[in-house]
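Taking it in order: structure first as structure tokens, then the write-up.
Per-chain numbering from 1; labels A, B, C and D assigned in written order.
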Amino acid sequence: MAKLYFRYGAMNSGKTTALMQVAFNYEERGMHIVLLKPSSDTKGKDVVVSRLGIERKVDALLADNDDARKIVKSFCQEKDVSCVLVDEAQFLTTKQVEELLKVAILDDIPVICYGLRVDFRREGFPGSTRLLLLAHSIEELKTICRCGRKAIFNGRMVNGKFVFSGKQIAIEGEDKVTYESLCGQCYERELNKARQK
Amino acid sequence: MAKLYFRYGAMNSGKTTALMQVAFNYEERGMHIVLLKPSSDTKGKDVVVSRLGIERKVDALLADNDDARKIVKSFCQEKDVSCVLVDEAQFLTTKQVEELLKVAILDDIPVICYGLRVDFRREGFPGSTRLLLLAHSIEELKTICRCGRKAIFNGRMVNGKFVFSGKQIAIEGEDKVTYESLCGQCYERELNKARQK
Amino acid sequence: MAKLYFRYGAMNSGKTTALMQVAFNYEERGMHIVLLKPSSDTKGKDVVVSRLGIERKVDALLADNDDARKIVKSFCQEKDVSCVLVDEAQFLTTKQVEELLKVAILDDIPVICYGLRVDFRREGFPGSTRLLLLAHSIEELKTICRCGRKAIFNGRMVNGKFVFSGKQIAIEGEDKVTYESLCGQCYERELNKARQK
Amino acid sequence: MAKLYFRYGAMNSGKTTALMQVAFNYEERGMHIVLLKPSSDTKGKDVVVSRLGIERKVDALLADNDDARKIVKSFCQEKDVSCVLVDEAQFLTTKQVEELLKVAILDDIPVICYGLRVDFRREGFPGSTRLLLLAHSIEELKTICRCGRKAIFNGRMVNGKFVFSGKQIAIEGEDKVTYESLCGQCYERELNKARQK
């Protein structure tokens, strides 16, 4: 039976590369995938881009009020869909995660979602929170902190300085925002430094 | 460096047995553990009981307004604490999970939390939701559904019939409540049956 | 489809307790399991005993020339077998592991094997080596070293002193043999100490 | 403390892509990695090539009698090495795996090995067998079989027909050899077909 997978990782852990590899593996065998991306992520518009330099057009951008299962079904009328892949899955709505669970459980199509777990304040996103609660399988994609430990959190910098408040979504490169994935200790240290100012 | 672990599983997956084994392993080596349980779980009061028949007194019951890190620190004054174990961790408050993250990160004591992921409506508990977002390591304890598949959800029955609404916490055995762990498919089927009535 | 699982861990990681819990979970639902143990392990004879104090009779002791699949099939004639559990699986022969793979693949019965990975010299056992190569799923049961790190190796002591040569199988308690699970660093340190004498 | 990792997967599961991503993640942070490849793998000579089209020169080709730890140490004199990556790690010798374990344990440098688990006959390679027995962490990179199940074995074809005997190493593309990763069921079916001829 098909499953709903959530493969999460801090920023720059290689989530999009991993997604591309899965797409490649299916297609190399002549099978079809559907690639979805929530439209709240404006980075790259209707394209997913891996930092290794590979890119690919998405099959559909999901607006917040789109029914993810209906959209998958519309693709099933054109081709035999073997797998649904979702990039930036933290931006899915709670309802869309529940729809994707039905795609796995009732329509028997595996759904693999790649995304962040928490934002720069260590708060969950709607999509990631629901995926962590519902997915059949939760798998971590690892990356390293500056100190060599496993990074689990995402620090946001504005003008090169860590900030710990602000709106949940701010795209890297806009408004002088950059991100750095951090381990628990380095995050705490930066948080304390910022608070002492 | 110490980590915060969340080991989740559906009802009757053996979470308490696994916890007892970890406690045994530490103590067999002459190391000390601290065993905590949120007090919202009234089952067994200040005792944790595994279905295999082993039981053990908790070191502290956590009320909702208790500071989990302070409580751990108070035990550290009496003995050298090598590990903190938490049973029924889904009932921790959001704040207590954050305190336990600090026990791991700042006090360098591993914290292993055992608990359910979702309630009978497939909604998260405060503790499990926060643990899924913050834990360094998320591990599943598996059990089986009646159909032989992996159970990931928990069905609540009243008088032997599945119900899908009601208060989040209802202890097994009280008010004719029982639970059954279910796979995604069996849960959906029972949910549809209940809705058609 | 059913799978062959290998759940390995250092000595005293709780392998038998975990096995008992799985047996309990199946039987609580009215399903039947078959519990096998290679007879090379003479500890407890036809009984498996967990260090938490739970014990259970095995359904069959496997001699080296027994066909594991045939033995499972003989039980299938008496009852509907939902799962095969194997304790001390490191002592299976290479051929028996291949037979158990067929039980999973061709007879569609899940097979869960619990055992050590390496002996006190860090050499594989016949059963563990073949299981690591063939199992659909390899999962670690963790325990701690004296230093608090994860133990991955098994040290043998004779009269309380670590030894690094000798026959592969020596039962704890006989001939003044005891075991201690060790992390990589502590194992290397003891090995160097022993060599310098 | 650093660990020895073995990340195994069937052919075409994306092992080299995953390795490239890890290298990228370290280097993006200004850290240095060392990339090794056993020279028994003549594919691409001193280059590793991912099927997504990315390639990279290895830092050293390991001949069978090379001391892997010495080679890593020689790089440590030139730069601060944060991680050792090994492609096609199934071709390492038993001794080289033990040397790499020391790099992790005694020199405190993480070593991540990517490789196949078994050959086309389902026999272990020297490197993969030793890695499965010694690695601190064993992780699977998944890919799919033609039937949609998880592939765990590698089928070898000569002129498009599955063969089940022959020498262990035969490079894809030479002597009309191709490979296909297969699940347990499809492998058994092809094996039976070949035997019946």
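Here, contacts are C-beta pairs under 8 Å (C-beta built on N, C-alpha and C of every residue); 3 or more make two chains touch, one makes a residue touch a chain.
Only a predicted model underlies this, so the values are computations on that prediction, with no experimental measurement involved.
**Student:** Chains in contact with chain A and with chain D: which ones?
**Tutor:** Touching chain A and chain D alike: no chains returned.
**Student:** Would you kindly say which chain has the C-alpha centre located farthest from the C-alpha centre of chain A?
**Tutor:** Of all chains, C has its centre farthest from that of chain A.
**Student:** Using Cα averages as centroids, what's the distance between chain A and chain C in whole Å?
**Tutor:** Those two chain centres are 39 Å apart.
**Student:** Round to the nearest whole Å and give the separation of the Cα centres of chain C and chain D.
**Tutor:** Going by mean C-alpha positions, chain C sits 27 Å from chain D.
**Student:** Give the residues of chain D touching no fewer than two other chains, as numbers and ranges.
**Tutor:** If we look for residues of chain D contacting two or more partner chains, we find none.
**Student:** Based on the touch definition given at the start, go ahead and assign the chain network to line, ring, star, complete or other.
**Tutor:** ring
**Student:** Report the residues of chain B in contact with chain C in the complex, numbered from low to high.
**Tutor:** Listed in rising order, the residues are 12-14, 17-18, 20-22, 24-26, 28-29, 31, 51-54, 82, 143-144, 146, 148.
**Student:** Which bits of chain B are touching chain A when the two form their complex?
**Tutor:** Checking each residue of chain B against chain A gives 1, 4, 101-102, 104-106, 117-118, 122-124, 128-129, 132-134, 136-138, 140, 149-150, 152, 184-185, 188.
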